[in-house]
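Below you will find the structure I want to go over with you.
Chains: A, B, C, D, E and F, in written order; residue numbering restarts at 1 for each.
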């Protein structure tokens, strides 16, 4: 009998019932302000996941050992408030079933619904942008308002990597949140910052959101709102290796726009696997 | 003194005050269901307009003889109902100033606001799709609902080129509207159909909307929802040459997605000029 | 409950058990002589299938009415003789289960295994090339040897669209097979040729293979070995509409290389649906 | 012993000494006004020539039977007057050695030097543009001045395919030259026009120049100054099949910009071979 | 009233009369020896400028506070000596009007005219190449001769980043100029070199030219003559931050070829803003 | 007399008879498991070699001083075992003629034949992958089996850069070979590792193979099986500078897939020149 493959995330071979981790994609990019196309990211990231060996030497772990399932892509509405509800609803179903949600964007606004449902004690986001607008281009669910919306649910917010925002956003971020700019990472090193972040969080619940544009666009240019002078893929890997050991209850990877030679999606696929493997190592064995 | 050029539509050298025709772009693609990127069309079409000679042999006319102005791109919101209002508002301003609006999409939903303001007796649209959904993916302003929305303002609707829709849409279109499918055009020839269309319209007011996907995607593949087995650029040129002689009061060209080698934008630029020149010839000299 | 979609062929919603038609992809391009990448076609064709409405006006048929299933992609070996065996094996399983096989290439050599298993009375192929080499670049299973291999199983061969081959191939094709070159199609019209082909075949079993390069590369340039001066998509649609009414027992669509703006894959998706719908109409209702 | 291939034009296997036909490329695009990149055409056309079978059924001819040689690319200066001299000089060397020159552009200005050296009685050009400017952007050797420059050497000029030019150019072309516009070709058919052209030329010497933009950009979009509403590849093939039988003494194919999926270069390679084979058939056997 | 945007450089909202800084583009690439297309850079850099927030945290400055104007693109001739005169002329007009010129290339030869007019005491250039040829491919205004031409006007020349040139160029550069190769930057660090450069220059007038290929092509590959083993965007930012505090009287950014996923243009837009903001901070407040 | 250039490797101007170094390309990618297209690399690398100055400052050497020849591309079969034989045979011919072979892939399996013929004491490979499968997708000559095949000829194997493989591969590599992972290079620095490698090898014969994916795909994304978290181009340059001083008897550069903006091919061209120049410096002067 020949074997056949579909194109869901590589090694996501558990049935929903058995899975600990459940991936789904949200192919929505309706509020993106610069380049469109983040809707194509979930499928592009899945496609490149087949390029990776199943074995992760860092964790001495085979991905197929982990019980995870890929539900495919949410059939999205075209309005950001509705998509927020859809994501919230989908995550709520997972929550009820005791599954850990791994969301692949699509644009950053997909984070809003996931956080609303999970209501973690902490929100840690890697992003080039502060995303603190109350409303943008007519919607409070614009991808430029994610931190603002999340702050309505979450008390403690940690921002790693910002280098773009308004004067008011920077001022407010410094006052209200824990802000580690890209320059801070450059100067202090990510390890020192993560030490601090780990102490802040302690054992409380955390939602971790990776906006792909946190990484310098000279390394991963496949982005809707690219920014240079940013973090490295290795910095983000360090964030994930550190925080996956914490009490994380939800994870997303957003804002990839697969218009380059593939480097941005391959980094995304690596880091999503890195999170799942790290979290599994810490919490399931 | 050296001369400089900006990148507004070539030869759009009139001041707003003096212009008869006013172009503006609507870089919105928030409800597109398949490929994103129609937001980039206004600027791409303008860029390729510089490839064209100012002279149109068919009309023996130099574009600079025509008083037309390019306002640039509407600074769009991210929700289709708001963008509809913005377009309606912008067209209303033009109407008050006695200007003829030429709208470059962006997605087809930009037509809704223009038609709502102008309230023509007839709506003629070239499109591969029937766009007759009452609501799609959560919004009645989706680009799949254009004909449905337009029908709330306009009594007489003529559809040229459709070859994609639901069973219900085809049935309703045949019953309520004047439907000339792509197969009809193939069989009867565009000239015969246009004769009929011309008689139907008579001297009444008309809004003409060209959804670029009316043209066969094997000829102009730069489209968000491409369909083969369609019309030729020459068919659409015939439509424009015929109808520009009529009492047209508004025109748009929408749904271009500039992801090919440029053929789709160069056809768009040609046909936009063809409309303006034809209308000018018929009504201003 | 939110709905999710995977990325198998649109509307292929039957379970294997219930299905009449079963699609599978063969992402193999190991013997292609000019441009590589036909391996990416099955997934690219599936992706664009979501751009199409479920309704086919020509047959007044909704695709979801048809019981068809998509198995995903064969996990291929890297040697053409092994892939031939894999395809033959997979088709054999379908045959035993009473399913109609619809194979999406990958390169043309995938046809060899399917035909070997099904052993039809007739082989009808649309192709720019004669594919009659006994061996090419070291393998008798090269995509340039398809007709030669097929002729070992099938007595009656009809070639539609060839315009490229060696002097010996053309001589042999004229002698041994029914050859309708692209020039013949241009001169006589496809309808007249299909009348003749229909009479030849009668009620005997047929395998229909569409090598996408039968179509003129100026219309569908996404091809591994592109040739101009060829057939139109409409010609191929006529072939499929005619022959799907015959006693066809297997179908494939091969040699797409998805490197253009999408027109070649959208034509492929349309024509695969056209075959399934036409065959279903003729044989299941 | 293994065999190796370089990437000169396929089958150009004669030594210079033995060759009847000598190809060379001119990778120059310094005066192009719209899109740059025609410099890459000679090598791109050579690359795609390997996609073609050596056999031409129309002439029942194997390309390797023909003695032709490819010199590679001229090492060009960066000023159009100097490049004109370089081409004139290179063609002059070929002329002295009794070789037939086949020039691959690069932009259309490369024609000027070739014609200057060969001084034919007739100049036949297929082009979307009239190229009759006396000077453009500071140089009389601009690609927009080719016909003007050629007219200084050649008395009789035939233009096939124009659809873009100034009012003055069209007026002058109608007065001084034999002008067959794209619309004329559409209306009368290419065969009738070629009959007329053949009679005009008689047995006198001819230089044949194919500006690739004569072909409709919806069929071959890989062009620096693309124009729709043009000729088909089959029209140009007819021109070449007819005129290659005449007393042609030089040939070029110019203005390809290899930025599409390859259709424009494959048409170019076909038509260059078509010319060489047709001319060889008529004059060497 | 709706708001509209053109596509001049973002935030360049001053009228010419009021502006301190005046941007113009020079879409010329006629002498480029390897890949063509630098002509498209001015418009591509402007387009990406809309991706950037108006606020610059490093200077705590909003771009709209700065009085700057974008004239659009120079309508260029096609010969490099003429373009040199055009640029010289345009810069001369700016000089007379007391404006600071910011030139966006196009190829590096556009620097020649600007420097000729401004006649600074120092010329500082970041470049992978030495550009010291007296003449290249027939013109002394080739982009490979920029330093040679500039040296006819400017006494003191500082080269930062070179790693490509002839043996003679390297010898002469070491002898006549201040040469800091890419390897020097790597070894010593940019800060130490800039300290030295700052001391050399003192308070004298400076022209600063950034050839985008100074940056390693693995970080910003959108270049006509790409070179690896180069500087980082951060190195160039350091150069600009340091030198903008000096008595700079003219600035250009050249040799971008927008053929990548956008990273090279976004770096360019950032660095052009960085220069204007830094210079404004130092000299206007 | 005008000068002409073909498109063999720049400066490869020696006749075969005179050459010390002989380059040939192997445009084979038949076993590649992820993205196809490595077949296009030899010609793409040659094309970009013309972008580089003939002078290498590091060696104070002009490439034309070195006697090297480019044979063009091997006319490959389509089966990996046959291609292995072809490469072995071609290298054998070079060996007999006393030439140093420089092989440009194509996929990594081309190394197998070269090593089999040359039978060096040491095999040093830079690669992201361990390539230690005994068989993969039906062939022992798959590009995933290179190290396994080489180990049948060569006793001493040094792997630099691996970060992808199975658990079994990593275990076996640590046991049987000298393994320096990408993380090792990151931690220890390449210089320290090369010191060790140099000592291991001593004066014995070495074959050096560079799999382009050793380099981080964020720097050079043009790869068939891209991996992030890898080496830098400078690391590989260090490997080449160090090892070219050793008793190297064969060299290859493989697995480039030219689908990016050119950075991966320009790095390849640089490093191939770097090897030839370094080896020439050490052994011929």
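The working rule: a residue touches a chain if its C-beta (ideal position, glycine included) is under 8 Å from a C-beta of that chain, and two chains touch if they have at least 3 such contacts.
On a predicted model such as this, the values are computed, not experimentally measured, just so you know.
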item: Given chain A and chain E, the chains that contact each of them; value: B, F
item: From chain B, the most remote chain by mean C-alpha position; value: F
item: Chain B-chain F separation of Cα centroids, rounded to whole Å; value: 55
item: Where chain D and chain F are represented by their mean Cα positions, the distance between them in whole Å; value: 41
item: Approximate Å spacing (C-alpha centroids) for the pair chain A, chain F; value: 37
item: For chain F, residues that touch 2 or more chains besides their own; value: 219, 260-261
item: Overall pattern in which the protein chains touch one another (line/ring/star/complete/other); value: other
item: Chains that touch, pairwise; value: A-B, A-C, A-E, A-F, B-C, B-D, B-E, C-D, C-F, D-E, D-F, E-F
item: Contacting residues of chain B [partner chain D, same complex]; value: 50-55, 57, 60, 62, 219-220, 233-234, 237, 260-263, 266-267, 270
item: Parts of chain B lying in touch with chain E, wherever the complex brings them together; value: 1-8, 24, 43, 47, 71-75, 86, 89-90, 93
item: Contact footprint of chain E on chain A as seen in their complex; value: 34-35, 163-167, 170, 181, 217-219, 221-222, 225-229, 259-261
item: Complex contact set, residues of chain D against chain E; value: 29-31, 33, 36-37, 39-40, 76-80, 82, 136-139, 142
